[in-house]
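Quick one: the structure is below, and I'll ask about it shortly.
Labels run A, B, C, D, E and F following the written order; every chain starts at residue 1.
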């Protein structure tokens, strides 16, 4: 059930049976010479819709821009500052909690969002609590790319060439979702790897084409479908466990 | 050309020929008993993609949540505070300006966003200027529902029953885009109208089902297509004039 | 009744009969070669005092500096950032609401304030609501220069030479209020017009002497008196309608 | 020379001979049963204009609302939060510094503003410095009520009955400026004194009519004139020393 | 070399040979019935001083209060909001970077700080970069309790009774540093475990005495010394690798 | 009783008998050629612990970094912006107030903190009040270097050579606390004095070695002990008066 395709009376009905909502969150950032700038948002959105179908959960609109400051030296990347993203999450949760939503499950497609989202969850609980709201609200972070089955499949299909950014697994998933947007470009077989992430300029100096140790040329739409199915299955179970927590 | 479906080298190429980018911005808010909560985002996104196709412009990902604080007493509505949305816009513009984007065209689907967006544009120019960036950046607000042809068509099709929120014109457009999500519900023929907008609670007290003087039952997908075509045509011309300004 | 010239017991008494207060808000910004930097604040303050006398309303102290970032390339201009002005308005409303003021009527002399003020009103309602205050507070924006009678009089007296900034109407009103401060300077009959407002530097490049299509040389103190009287009459009626709204 | 009554070319000329500007800053807060709510702003504005006449300094518009959170339990009081006032001052200084103003002299009428203004000056220097502006900007705080001659005159005229808030000296000065607004009310001869200032509620509990150890019934307009003259003389000298500092 | 015990000329000399500085960061939060509220700060500080001695690094003053919002339902806990802690870190880094410090190594004693610190590092790089500073600044997070040797030793000494908060390992380390402050109290052998962390109230409901699956009664000062030695050794190596990164 | 060396049940017990807590606050800033960068924090912490022992008060962890923006042109100085420090103080007070702490006594070692701390106290009262907390919270600022006995002793020992920054009195106190860190360096007998404090760059230009009119070579550890004893005695009395205030 998609929030954007529902009416408010339908949401009111939904809340009779569930306090849960899923928000896909991605990023808008370079993904190497062949990866789509929207990769993280595309993956998160597709999987979130799949989880919504599998579980009957309400799925909110995608947060398309996340925390990608370190990618800003590549054209087309867009980022919120962490302090901005924290406010955004606080506003989302504060908007929906008074209506009865109390279980917020974020399906995340971008490693760079993790720290800020965790910080934002803490800030949101505290914000609501200080305003005298029930402290019953809970947020959960579901990173599809860290799901056990996804990890195993990536290992099996790509081994070390999975890398850490612009990975074949995420590229494969976007190929499955948008087969019309499969890109090709020459990829230097020697790809930078192992350097920590600091400033945007530093990132570009060390990762000259944007990839981090990955070989996205290995991706296929068929792989993408497998990643999609594994991720939907695992995150659906995770969402249901989250709702069932005491 | 969609930013989310492009690679960073493609963006780099695009910037050789154009400094322009279009961002659809909507809202996630109640639209009466039959209107979709995502109406404003759906309309803005569809039209923005149409304008992108017509003009070759780069189209960024949709900003799905806007300034809808006055709708928060209806379940399912989500809003940023104006001060948050200002930060978000400043972050978007500041991310892309160093790469060479200098013409930001926001296709807006929600009247409630207008004031905050205008304030945000001022804050963004000043922010960039104070940091010593070129003061060459320009933002433009294109409200599809205020385009002359859209207004005339709504007048012609619906007269006074167009109303001011959850209007048949915007509902029609969503029916065109998502025919599978057309909703029906009994609509009281006596619909509230003419009350100013204050707090969320005050809004709900005066507009009990969420509509403001509108009769969305008049909407049809065919109308929606006509609105779409008129809006794409007018905003495409507006975008090109914006790029051509001296 | 002026707040600044009242005692707190007088305010306490006033609140027995009315929850309304008027705040004049202007700007401190260039107004062309002959217009006073304080034009917008002077006009708003004079009219607000007139409305206060006509209606018995409490009139607060003038907010002398508003949102004028686009004028900052001319010396003497002062501006708050929109995000600052929002905080200021939230603080004003939050200070007075607990005492019983619930109808805030801002008499505004500056077009550049409009967007930020509207955004600020939304933020203020939400702020009070989230703190558990009654959501009964209402703010209204009364732009004197957009009053119907003012507009018609300007059209009648100046036609197209009214322009959009440093207008003869506002200059006339300052001449009526401060006849000792009437300025003269050569005015180029070819005055820039029609360019949108972006950054401060862009503004100055396009509007080299600060005027926007106006001929303030047409202004006279007698005109100013007529504008004053029309504006006071119309805004007094508007204020009373605001108080009477259900 | 008043900024509000000047044109931008006049400001440009002024800057050829002086980098100095004076801002009166007051407060909008209860001043006991007979003191005007605008007392602090009225005094600061009158003295600032006097100093401007005596020294030829540019005088900016009055900052009418300051930091008066502890007075908010009395109706009619308005306050900025310290964090808001800091932003306001940073915005004022940042607006004018690029034009060439580098000596900001604040004539202050309210003890409660002192701490926040000093903090704001530090924040403003740092803000400008971090943006790469010249670090030549200086701010000075001139508290008229702490001028030596003012203090001595108050001691001489009122002794211990000067008190610390709603003092006869400041009331006298407002009587001199606004003789038409002299208020009378029964004043309890036993007036609270000596309690530290904490929250607004705590303040009202300890200072039930708003006065802090003062007997404003001693004030006369003639006294007010003497305070005015002493303050203008001392602050004029102080302003000139400030400009002359190496 | 401790910053607090150095003079500025000594710092100037130090910068000739190294751009590195270590900041211990802890937390001020409940650590169960027997753990010290300052546990995380005490551990971080002791280890940081040890690393400073081993490597000759400059060690800054301890950040005693971190992100511990979820512990606030236990008396004595103090926390910064994540958005505050981000500002604090940005201020630290921005203060020292212009002087020549460019390698900031945070020795962290509290898992709850990790997300916010990572977000803060990103915000700091971006802040400095947007101000035109060199983007050469790097921050590193060294969590002593996650060092491999520490982890192994805890496993070896305590097995599953190490738990996740108020652990015997951290308690042991405080016993080594402050043997005079060893506390005893009855500890329920059935200790809560496995519940995710949400709001402060939720935390206390699930972890009634503050421990998370741990048995701090196993701790001894001798263990503490072993943890100290292992942590100093590993983090010293980590610090030196950090400085040596290209 | 030190908060960092207590358990939460001990804090719970403490609150049965006292609502008071002491926070030492210092600064991390240059103190001339021989003064320790941590001087202000070291002094505040030592005295706070002494007051804690003398009065049985709970003593929180030291706030090591304060408002020292004007010292940032000397290497090793670290500062929070005033707006950051305000947030920090608000967070401290808001963390502890719900647990029952209502008397916050800050023992301050740095003149530059005073203004911001006072502003922060106002902001904290208002913050708590607006959230509906009891307005019973009180903060007090105890500046050890302004205690009467300290002032007299410094006058007696050093006369005019006490100066205003990097003073022999504070240096002496650090020598008493850290005799192993006594520094010597040639001190120019002609030391700058009398210049107001503006930006960091301006400060360094006028105070080339960081001292403000002081001769820290006069300091001895024995003096330091005397300052310590006087300060502990006076501030202990002050703390107890603060707790006893009605």
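What we mean here is this: a contact is a pair of C-beta atoms (placed from the backbone, for glycine too) under 8 Å apart; a residue touches a chain by one contact, two chains touch by 3 or more.
Please read all numbers here as calculations on a predicted model, not as lab measurements.
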Q.
On the document's contact criterion, could you list the chains that touch chain A and likewise touch chain F?
A. C, E
Q | Fewest hops from chain B to chain E - one hop per pair of touching chains | A | 1
Q: Give, as an integer number of Å, the spacing between the C-alpha centres of chain F and chain C.
A: 46
Q | Length of the line joining the C-alpha centres of chain D and chain F, rounded to whole Å | A | 29
Q.
Please tell me the distance, in whole Å, between the geometric centres of chain B and chain F computed from their C-alpha atoms.
A. 53
Q | Per-residue overlap in chain D, given as positions that touch at least 2 other chains | A | 72, 81, 83, 87, 131-132
Q | Contacting chain pairs - touch in the sense defined above | A | A-B, A-C, A-E, A-F, B-C, B-D, B-E, C-D, C-F, D-E, D-F, E-F
Q | chain B residues touching chain A - in the complex, by the definition given at the top | A | 2-12, 15, 28, 30-38, 41-42, 60-65, 72, 74-81, 83-84, 87-88, 91-92, 95-96, 98-100, 178, 181, 183, 185, 210
Q: Spell out the part of chain C that touches chain A in their complex, as residue ranges.
A: 130-132
Q.
With touch defined as at the start, can you tell me which chain A residues reach chain E in the complex?
A. 67, 69-70, 72, 81-83, 86-87, 112, 114-123, 125-126, 128-129, 135-140, 195-196, 198-202, 245
